[in-house]
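Across the two complexes that follow, subunit A remains constant while its partner is subunit B and subsequently subunit C.
This part shows the complex of A and B:
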């Protein structure tokens, strides 16, 4: 019997709350049917600072999306970001137990159990355990079962976050009468949207520059090996311009959008090129040296990429990473940011492109997280559908006659 | 399972361990409206479902007890069979004669409307249903007027004739009525019998005496059985409500009822008077005048009228 599920992808960001509604037909195809967007309130650097305002804008966005779709959402997938997110790489190992030295399922489970056994400090909760490839006698293998070896190792990149912050996000959605089916960190979502599988195999660093935070995820051999959040975003650029040029934050935001550029070609040494503050030649409008804007923005953006480079350390070794840096997010639209990224990170940089199945009006870098979230949700739903087939009497009966499926990570 | 639990316990808590309560109090007005809308739709859906189910139950029970007669058209042949059904005395021979359907007429070629008119032109017929039953049968279902009285007329066209009267006042000839039944019907006098181009008009007077006849037939059949003449006299003109009903029977040459008084009370009085008179050997009585205020007046044959006081002061 066919069953169409209505899923909602929600991103509660610092600048906006985005909601996409999609119809999942028979767990296979995804139809985008609704969209809601509201300017954010009560959120700072990816964390809720005013529950009431955050609830109000989130509910308004979900309501708008439901109305545009003409249906009620069944379940919510939520993108998570913020400085509270952290991660740790946990390794586990197990001796191959069979007498002939071939790896069996029990060995993989023991290695996984060992890797996941690391406890978190109080008030921290795991969000994802992202499995890296198995190592059999230090050699990377995709599926070790049946292979010969002595020592099996596996590593997990485990993302965790603050319990109360995560709880706040859940309660905002619960307050609308919906339950959060899954929670995915923003960098993984953006990676789903803008990086092709082939690029992930080659290795790629996805950097999603938002308004309050910058999320990144490092892919190698098709796996996510590291994620992170830097609490620097478009707001910091605005703030720097406001402070540096002694203008209001509103004027700084408009100036950044209109004249903000990191394009070095525009900057001739000793140039006295000037731009107008507001551009409307009204009272209070004045000339500002372009060089000042450039320098302020350049300093902050360089700092941002330096932090990412520093966080990733040896993982960013370009010998291992044949791929490229993919920039996305609303603040990645700053002219010349790709050149700065390439210079600091020492890698080829490209701007993320959203897939063709997305409507033209939605194909903007600021929507990459929520679109990737939806894509993740559809894949995840399929996995759930497979596992749920084995529940219940009929499912158990079916599982008796089916070969067992190894589920790791 | 135990291993999975142990693994979970060892590996620390994940976000799914947090309790979600989406059914709690809505967080904002938008959420409140949404919940109210969903609840309203749910209730409306339940009501519609219940109504639909109830309708289905009623419809099924109705059609089970009153199965629809489905006439399926099939090949049409000549009219070979006439299936005649009636609640009265008309017979199939009368129907065949009245309809006069030519031989070799095909069932499909019958003009049912004209045939219906032909049957209904007979005053004894109240209504008729004609049905084609393919391939060869014409079904006729007749509902007749049933006689409760008879009248004698002397018409310039018809001559002297006995006609029957139904409880709705319809006057008809009484085709096929058993003689014994016709002989036992009381004769109606009084009232004006009118005629138009289609025949006699219903007798209005019947509606005034019908309650008396119904009550007598139901409660006092032994008295009703003996009534042989009934006359209605209007006191204030033809259409007045108040009138007298005069009845002749072997036990009392004349019994007077009034439409102004409850017929059942008057019948009780008559029953008492007749019983009393029988015991006393006074029958046949000359006159019983029932509609007195507290009493009935009785006149014995060849004597002065006297008043009989009932045991229960009923009169």
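This part shows the complex of A and C:
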């Protein structure tokens, strides 16, 4: 590489648009040189509902980041979330072909081909094929080539999304005149940021609770074996409070941040503890039972973890998962949320910590996704050319969306 | 003022409120088990008058026999042999369809029919819409009150109730849904079925009371007549807005308005928060003045819409002293073109690109399920209704968020029937 490449990590989230600019030196080390952040508009539950607003804030955030870095971004990595994302576990297999029963590369390729061959319904696109370990005669092996056996199997956790929803995101970035190099789903990004490789090896469930969505990824033996999105986030907590206490959304948001808590100790049985709606004793300020706030939030958060639990099903039951739950995301800052998670999921829970290579001012749970995205981008930058599925996926998208963009313009 | 207290003050129907209306006949009909129960309770509180009649309709002979109401009608003898529908809506529909003539005879040629039923079961869900059709064909003003099942009663009941609602909305002038999830909200008492009945009864009574006092011409500061009331319900099929607020003491009117805005029924997905046609009834003590009425009306028009099509009545009740009660009933028009936000336009353009592919238990439901409707007009109505049912405050106009048949955008505490105290 003749010059250092400038990459941008972009998260178009429900609460904010975050852009990090980093310089990739010799394709190896990474210098964080710019940062842009704008409150979101036109995004709900992780999906673009108003293209114009979403574009405007995204462009403003990219612009801010480029200015603070003092350079132009060469290429963009984009985090992807939203309820349109789905996934399936596809298995493929191949008979070991050689006479001596040793696995050769051809066998692995055939098994992989077989696993990836499952076609998606119309208008759905594969985003990631995440390979799980090979099984040689039902036994898990890290690298099967050269080993002796009869049947080689491989499984992929394949993440797919809605074509037009993904297209909307690409349009937003393209509108700024930049290309998207790769898209990574948010849960994988957050996992990259807050889960240490050793923890991934032991097994971990990373749960990123954002404003519009909750994204999770389950690691076992270092592999991602399942990811998912629940379209429930901080906005739901606010909306529930607003409806339950019949207060305005703005009041509800402030009340949630100021008094919201799942700390049952604050809830002495039969207590009549009250908190003030606004806390400034102005006209219209009134007392609200803490119990009501607690009940509304508790019901919602419990349900959220129950949904994740039921999504993962027996994957959580097995004893292999000696690891833990790692919580992150802006809404994970709700007091006591870790205890509720531990109770519902029956696992040890810890709050995710961002690595110390990140400047202290950026080490907040809401930044996990974009920081992880940057890390992912730097790790995978040079691999891009080799991992054909990436270029294949984006290549397909580009061919679909480019002409359309001209129409729009 | 106690915002939790949405129960009706123990005020009896004063018979004189209907006098001088020259035979304006009103009939209150309870349909199915839940509906009959509510009417039984109402009957104990309100004595039957010459022009106010109570009746019940059921497919279950035993239930009918146990009711103290005089005018009882068994339908669907050939379908259920008087044994009830066992929760099968088809039986309810069949029973009512076969016995349209019986239903017509049961109605005593009333001017206003209040239909009261519980949705989610067989008889109420199946029969009430057909009864509404029959009553409408007799040129009566039809106002229906329906209780909706608790979310924890399961997706099947909810689905049946939703289907019933669509049908009933087309057949009634106004439909007031009373979700059980909400009825027991903000209530300290035990959440037994009886409690739910008594709450439902209180709401029904408030509604009937207010509508009747609107058109009664005694002690009114400002009354409207029956035909004005009829004109307010110009169109059918839309959602209804329904709420009551009370305030007393100093600034009674602003307290009543505040209380009205806290009314739990104004915050449900089944109810609307905007109205194209709005009926307001204000009841106050002798010192209620036009100035206060004006303030209230300005506020309501601004908050709820209604615009030109707002009718209001103001009633003086000597016993109320410094209390003011505001009752609102609004309906939305289906065919009026609503301004569509730009975001909506862009998303609808792309609707065709979305797939309906189920996504491991959690489905993304796009606004695209309308096969059964035959005529174009009906198709439009049905689609619109589906949209209206997404009226979820902040999450309005976003894709439905379904998990195991529950819409996650509706607050969890509501779906679980968890009671929330307001103070």
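As a working rule, the second predicted complex is superposed on the first by the 380 of 409 C-alpha atoms of A that agree within 3 Å, B and C clash if a C-alpha of one lies under 4 Å from a C-alpha of the other, contacts with A are read in each partner's own complex, and residues count from 1 in each chain.
The definition used in the following text is that contacts are C-beta pairs under 8 Å (C-beta built on N, C-alpha and C of every residue); 3 or more make two chains touch, one makes a residue touch a chain.
What you see is a predicted model; the values in this text were computed from it and never measured.
When both complexes are overlaid on chain A, the residue A:222 reaches neither subunit B nor subunit C.
After superposition on the shared chain, subunit A has more residues touched by C, the comparison being subunit B against subunit C. In the superposition on chain A, A:170 contacts subunit B only, with no contact to subunit C. Contacts of A:45 after superposition on the shared chain: subunit C is touched, whereas subunit B is not. Of the two partner chains, subunit B is the only one touched by A:113; subunit C is not.
When the shared chain is aligned, subunit B comes close enough to touch A:55, but subunit C does not.
Contact with subunit C, but none with subunit B, is seen for A:242 once the two complexes are overlaid on the shared chain. In the superposition on chain A, contact of A:296 is made with subunit C only, not with subunit B.
Taken together, the two structures place residues 124, 163 of subunit A in contact with subunit B in one case and with subunit C in the other.
Across the complex, subunit A meets subunit B through its residues 55-56, 59-60, 63, 66, 72, 109, 113, 116-120, 124-127, 129, 161, 163, 166-167, 170-180, 183. Remark: subunit C residues 261-262, 264, 267, 341-343, 346-347, 350, 353-355, 357, 359-362, 364, 392-395, 397-399, 401, 403-404, 408-409, 411-414, 416, 418, 420-423 touch subunit A in the complex.
Those residues of subunit A whose C-beta lies close enough to touch subunit C in the complex are 42, 44-45, 47, 49-53, 83-84, 86-88, 121-124, 162-164, 228, 230-232, 235-236, 238-240, 242-246, 249, 286-289, 291-292, 295-296, 299-300, 302-303, 307, 310-311. Those residues of subunit B that touch subunit A in the complex are listed here as 3, 7, 10-15, 17-18, 20-24, 26-28, 30-31, 34-35, 38.
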